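You will see chain A twice below: alongside chain B first, and alongside chain C after that.
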Partner chain A sequence: MAGSAFRESFRPWVWAAFAVATAAAIVLCVSLGSVRVPFVDATREVWLALTGRPAGDAKVWSIVVSVRFPRVLVAGLMGAALSVCGCAMQGLLKNPLADGTTLGVSSGAGLGAIVAIVFGVQVPGLPLAGTTIMAAAFAFLSLLVILTLAYRLDRSLSSNTIILLGVIYSMFVASISSILVTFAGDKARTILFWTMGSLASTNYGNAALLAVALLAFGGVLLTKRRELNAFAVGEDNALHIGVDVKRTKLVVLICVSALTGICVSVGGTIGFVGLVTPHMVRFLVGPNHLRLMPAVIFGGAIFLMLCDLAARTLLSPRELPIGVVTSLIGAILFVNIFTAARRKGK
Partner chain B sequence: MTMLEARDVTVRYGDLTLVDGVSFTVAEGEWVMVCGPNGAGKSTLVNAIAQGAPYTGDVLFEGEPLRRMKPPQVARRIGVLAQSNAALYAFTVAEVVRLGRYAHREGFFARGGGGRGGRDDGCDGGSGRNPAGRDDELVREAIERTGLAPFAQQSVLTLSGGELQRAFLAQVFAQDPRMLILDEPTNHLDLVYQKRTFELVREWLRRPGKAVLSVTHDLSLARAYGSRVLLMDRARIVSAGAPSEALSPANLEAVYGMDVHAWMRDLLEKW
Partner chain C sequence: MKHKSPLAAAALVLAVLLAMLTLSACGSGTDADADTTAPAGGIALVDQTGRDVILAAPATKTVALAASDAEILYALGAGGTVVGRGEYCDWPSEVLDVPAVSSGAETNIEQIIALEPELVFMNTMAQTPEQVEQLEAAGIAVYSSDAKTIEETYSSIRDFGTLTGKEAEAEGIIETMKATFDAATADKVDGGTIYFEVSPLEWGLWAAGSGTFMNEAAELVGLTNVFADLEGYAEVSEEQVIERNPDYILTITMYYGEGLQPVEELLQRPGWETVAAIQNQAIIELPNNELSRPGPRLAEGVQALSDFVHGR
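After this line comes the complex of A and B, so read on.
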């Protein structure tokens, strides 16, 4: 057995392949749409924008740089964030059905957004920010409530307690949301659209917020890759090999919740990405989080960018809610991967 | 030399007392067997020592309370082979074994390791440094020692129960602790695996500065491999000493309410 048999991280060429695939997806997504822009022109305008130079072609610029690029960025960052959250939760809880929404924080964020829509909460000078801020605030409140409850019920924060509390909290919050929707009148449509997830009105500000959140919370999650390996093998085993089990759980849950909350506050509830991407990527690179976590970041970004592209273009000029597309494509892919994995004994 | 000392260890769960004021020691080179009927508190006791359950009283490792140590410090001293481990994700055998090196990591992202330098536990040649090469070496050695080399790159999902248990035995060997705790690790294994596991542990115990504490239902195995036996019943230790002493007909009759020796002889006569 050679020393390299124990290599746990990627070789440089794999990183390069990830980067190239992501870049290709970005180019594809900014070029295609209701108006088709040649790849070369789209790439040139994005490059000019990134290097801070003036527009080459004003018309192309207005489509690619002003409208599409921020949206593609948001889709990519959000896909990466939701997927890394799902990956961390599936490892932490040793449960293939877990994702960032398991703890119930995203339902809380959803309630915040509905409250904002129904009661017309607005931030002066910042259109649409009311919904985002309320969603983020409710996500944070939900995290506090859930963790306090979890600690009261079970000091060891066992996986079952976490899953059970998350499910119950989500149901509770969903019932309140339903009550609000019942009395929302003509705002019900706005709420419906929001709960299905939408990246239609996202901007560079959203992208910056997501980038910072991904760097901060995703960065912390990446430092917990070895611990997540241990949890994915088994929580008792993690304890026995010397993992600070409680502390790891707390750190991962907080980071996942914060990141999921911010995603929901920007783009609504986009389901299935966090659940499915880790499975797809695990099928390709294996379950070792040292490889899986970074790969999932790229995989999630590409997956959601392509789903958003499908949402924009399939029924153009009408736009499908992105949450619907991710669930549709995700479910089909999921079944395929699952049967393939079973056959290969993965 | 005393390695582990339990003083008045008590474990309560609500109103139930599962372990009631138990005291004992484990010395270097010893294999101490904890025996007793179901519900006697054997597993709860070793679970408390392995930090899985809250307890009152003290457990000292070479005079230092385990309770004050951080998880990696405990893991460098005590390794645990649990009753069973179910796999869900397709980690390779080598990846599972390598996890045993977790507590020995050093570097920027290795936390809670009790600081740098050799002051900690002397488990690592005194320097406390651990180049990745040594990890590889120990992982490879553990895999070879347990006969898992042909499976090293195979997914744990494809292993049989016995092979999977051996992968976790290799993990705990790679962990390189001073003391091994076995919680009925061969319960669901066939005879060949049982024998192999016990032989491998005995071989490991021959290294200097090691000790084993194990829970077993199998009184014959306890007699054959144990250097000392703690017989537990209803949350207390009722007798302790050399296997033949602690497992004397009178002691066993008192605990199990039957003539165990006669039954064992009876079983053997059928062969």
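After this line comes the complex of A and C, so read on.
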């Protein structure tokens, strides 16, 4: 990653603080869970696994290394990916309410996955690729549809227009999904998963996929931080200071759709993460994307890992759907942030 | 408090009115119970929600909305009376030839009235009291079942028999079921635990807890449900299954034509290697709702579970 830009934005100790906070969240989430495992045992098994040695205690290994650790990794990576997407969209559209959920991109990705399931879209040799690719493609199409409509109605892309269109589009997609469910019969339950979101069956394979996607698409998004700063002032401003507006937009949209689509294909639609974390992080580090974007990656990871921890432990041995937790916590935080921001403005 | 008195007075009046209404409603309910006298040669009984069901004669045209309703009617030999079925009725296969109507929240009363049944069977799980009222207003008798235990299932089979003139057949079915359960109980295994998987890992694990037919089946054959501490069906953590280490796993998951078969998928789950049932491959599949519907096939389910734990 471009070192000079980073040094310009954060001092090394800030990076260290982010890393320590994220590591602390990982340790917390791996040592706590539905089943109580002593901290020492949990860390020992993880350490044995990381150093490539066999299990010390088979049961603890099963719970911590095989089930809990990959899930924590997936939650962290997904939180980072969804948040960096939300942050990029908020900057690009100069709109604080932009995010995969409010723009209808997540529901679009979900619809793509549903279409893949109902019509049996499969890529030979790759078991899950059909749903993943369809989810990403539909995420991109959804974004295109919404933004085209928004531009036609209101070139300034005001919050009202975008949110209204996003809500309408989500409803439209939901009704199409319902129609598909009617014809899906036995597959209806699978479809419910895409609309609810769940991290229950995630494994190291999912974590690897997300890590690669985050490195690739998240990396590209990080290279567009200066352009996003220009967009945040205004699209005309970006044009005037020599930003290739069309190209930047296309690159950001493709990266956001691909990342959102991959996240949806792994964990279903998990709402509010991409909307809320950029706001929380912006409170801490300010609106400059040079600082904001990398900070959001850490913040998003920590936020979703902690939400998943709540989902796993609050009602133990029962489990809460992760989307319920993120929406609940997200909505409350969001209202707080909004009222705080307004008070500040007065 | 005082300056709010007009509002408080209004609230009080409203409360009193409501109370009177409720009381009078209860009163009329008990009156009706007392008056439950069947017309000459007719049938009168109280359904599982406490409502009276009155028929002039055994029903010859019925609609079965819940899947278990259709199963009971066909088992009784009253399948010929079924002129309409809920869309999820799928057993026995003959029922699929009967016209389907929407059920549950989408129940279309017009569709049912158009079939001109004398009696509609429905389940409180899926249907609402408003739907019952609409049907009764159209002059159609309604029997609501709410069986949550094997004992309550007997009583609904008995009622179904009475309402369709198949009393003897009903007693026969109940006797057969009882014989199966008694045999399974006599054959009880000495301890052992079981985990009932209702939905596969991909969509979040759902397990059957206490108050389910699966829990009752486990008790009959001498097993303990590892999730007996949970009420009804519940989404559980994978970690909990590994921790509770069941000796047996029963999955009612269906195969959807993609990926691994349910048992294969269970066997390859990362982290489950330490579970006794996985190590011994002690997994049974019952994908045809034998142990989830309050009907005669509960006996088949218990029989299958008993055979399985005895290695038959």
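Simple rule for what comes next: the second predicted complex is superposed on the first by the 260 of 346 C-alpha atoms of A that agree within 3 Å, B and C clash if a C-alpha of one lies under 4 Å from a C-alpha of the other, contacts with A are read in each partner's own complex, and residues count from 1 in each chain.
Keep in mind that, in the parts below, a residue touches a chain if its C-beta (ideal position, glycine included) is under 8 Å from a C-beta of that chain, and two chains touch if they have at least 3 such contacts.
Remember, predicted model here, so these are calculated numbers, not experimental data.
Trainee: Of the two partner chains, chain B (first) and chain C (second), which one does A:94 touch, if any: first, second, both, or neither?
Mentor: Only chain B; A:94 stays clear of chain C.
Trainee: Touch test for A:212: chain B only (first), chain C only (second), both, or neither?
Mentor: In the superposition, A:212 touches no partner, neither chain B nor chain C.
Trainee: Given the touch rule stated above, what does A:201 touch, chain B (first), chain C (second), both, or neither?
Mentor: Second partner only, chain C.
Trainee: Look at A:288 in the shared chain and tell me whether it touches chain B only, chain C only, both, or neither; answer first, second, both or neither.
Mentor: A:288 sits against chain B, while chain C stays out of touch.
Trainee: Using the touch definition from the top, say if A:316 reaches chain B (first), chain C (second), both or neither.
Mentor: Only chain C; A:316 stays clear of chain B.
Trainee: Which partner chains sit in contact with A:237 here, chain B, chain C, both or neither? Use first/second/both/neither.
Mentor: first
Trainee: Just chain B (first), just chain C (second), both, or neither: which does A:50 touch?
Mentor: Neither partner.
Trainee: In the superposed arrangement, does A:229 touch chain B (first), chain C (second), both or neither?
Mentor: The first partner, chain B, only.
Trainee: Quick check on the output: what are the common chain A residues between the chain B footprint and the chain C footprint?
Mentor: Dual-contact residues (chain A): none.
Trainee: Provide the residue numbers of chain C that touch chain A in the complex, in ascending order.
Mentor: On the chain C side, the touching residues are 199, 201-205, 227, 229-230, 234-240, 242-243, 245, 254, 256, 258-259, 270-274.
Trainee: Mind listing the chain A positions that touch chain C in their complex?
Mentor: Going by the criterion above, the answer is residues 33-35, 58-59, 61-63, 65-68, 70, 117, 120, 122, 127, 186-187, 189-190, 192-193, 196, 198, 200-201, 203-204, 312, 316-321.
Trainee: Spell out the part of chain B that touches chain A in their complex, as residue ranges.
Mentor: Per the stated touch rule, the residues are 50-52, 70-76, 79-80, 82, 85-92, 94-96, 98-100, 102-103, 105, 109, 111-112, 133, 135-136, 139-140, 143, 149, 152-153, 155, 157-158, 168, 171-172, 175.
Trainee: Chain B touches which residues of chain A in the complex?
Mentor: Interface residues on chain A, with respect to chain B: 1, 3, 5-6, 8, 94, 96, 223, 226, 229-230, 232-234, 236-237, 239-245, 247, 282, 286-288, 345-346.
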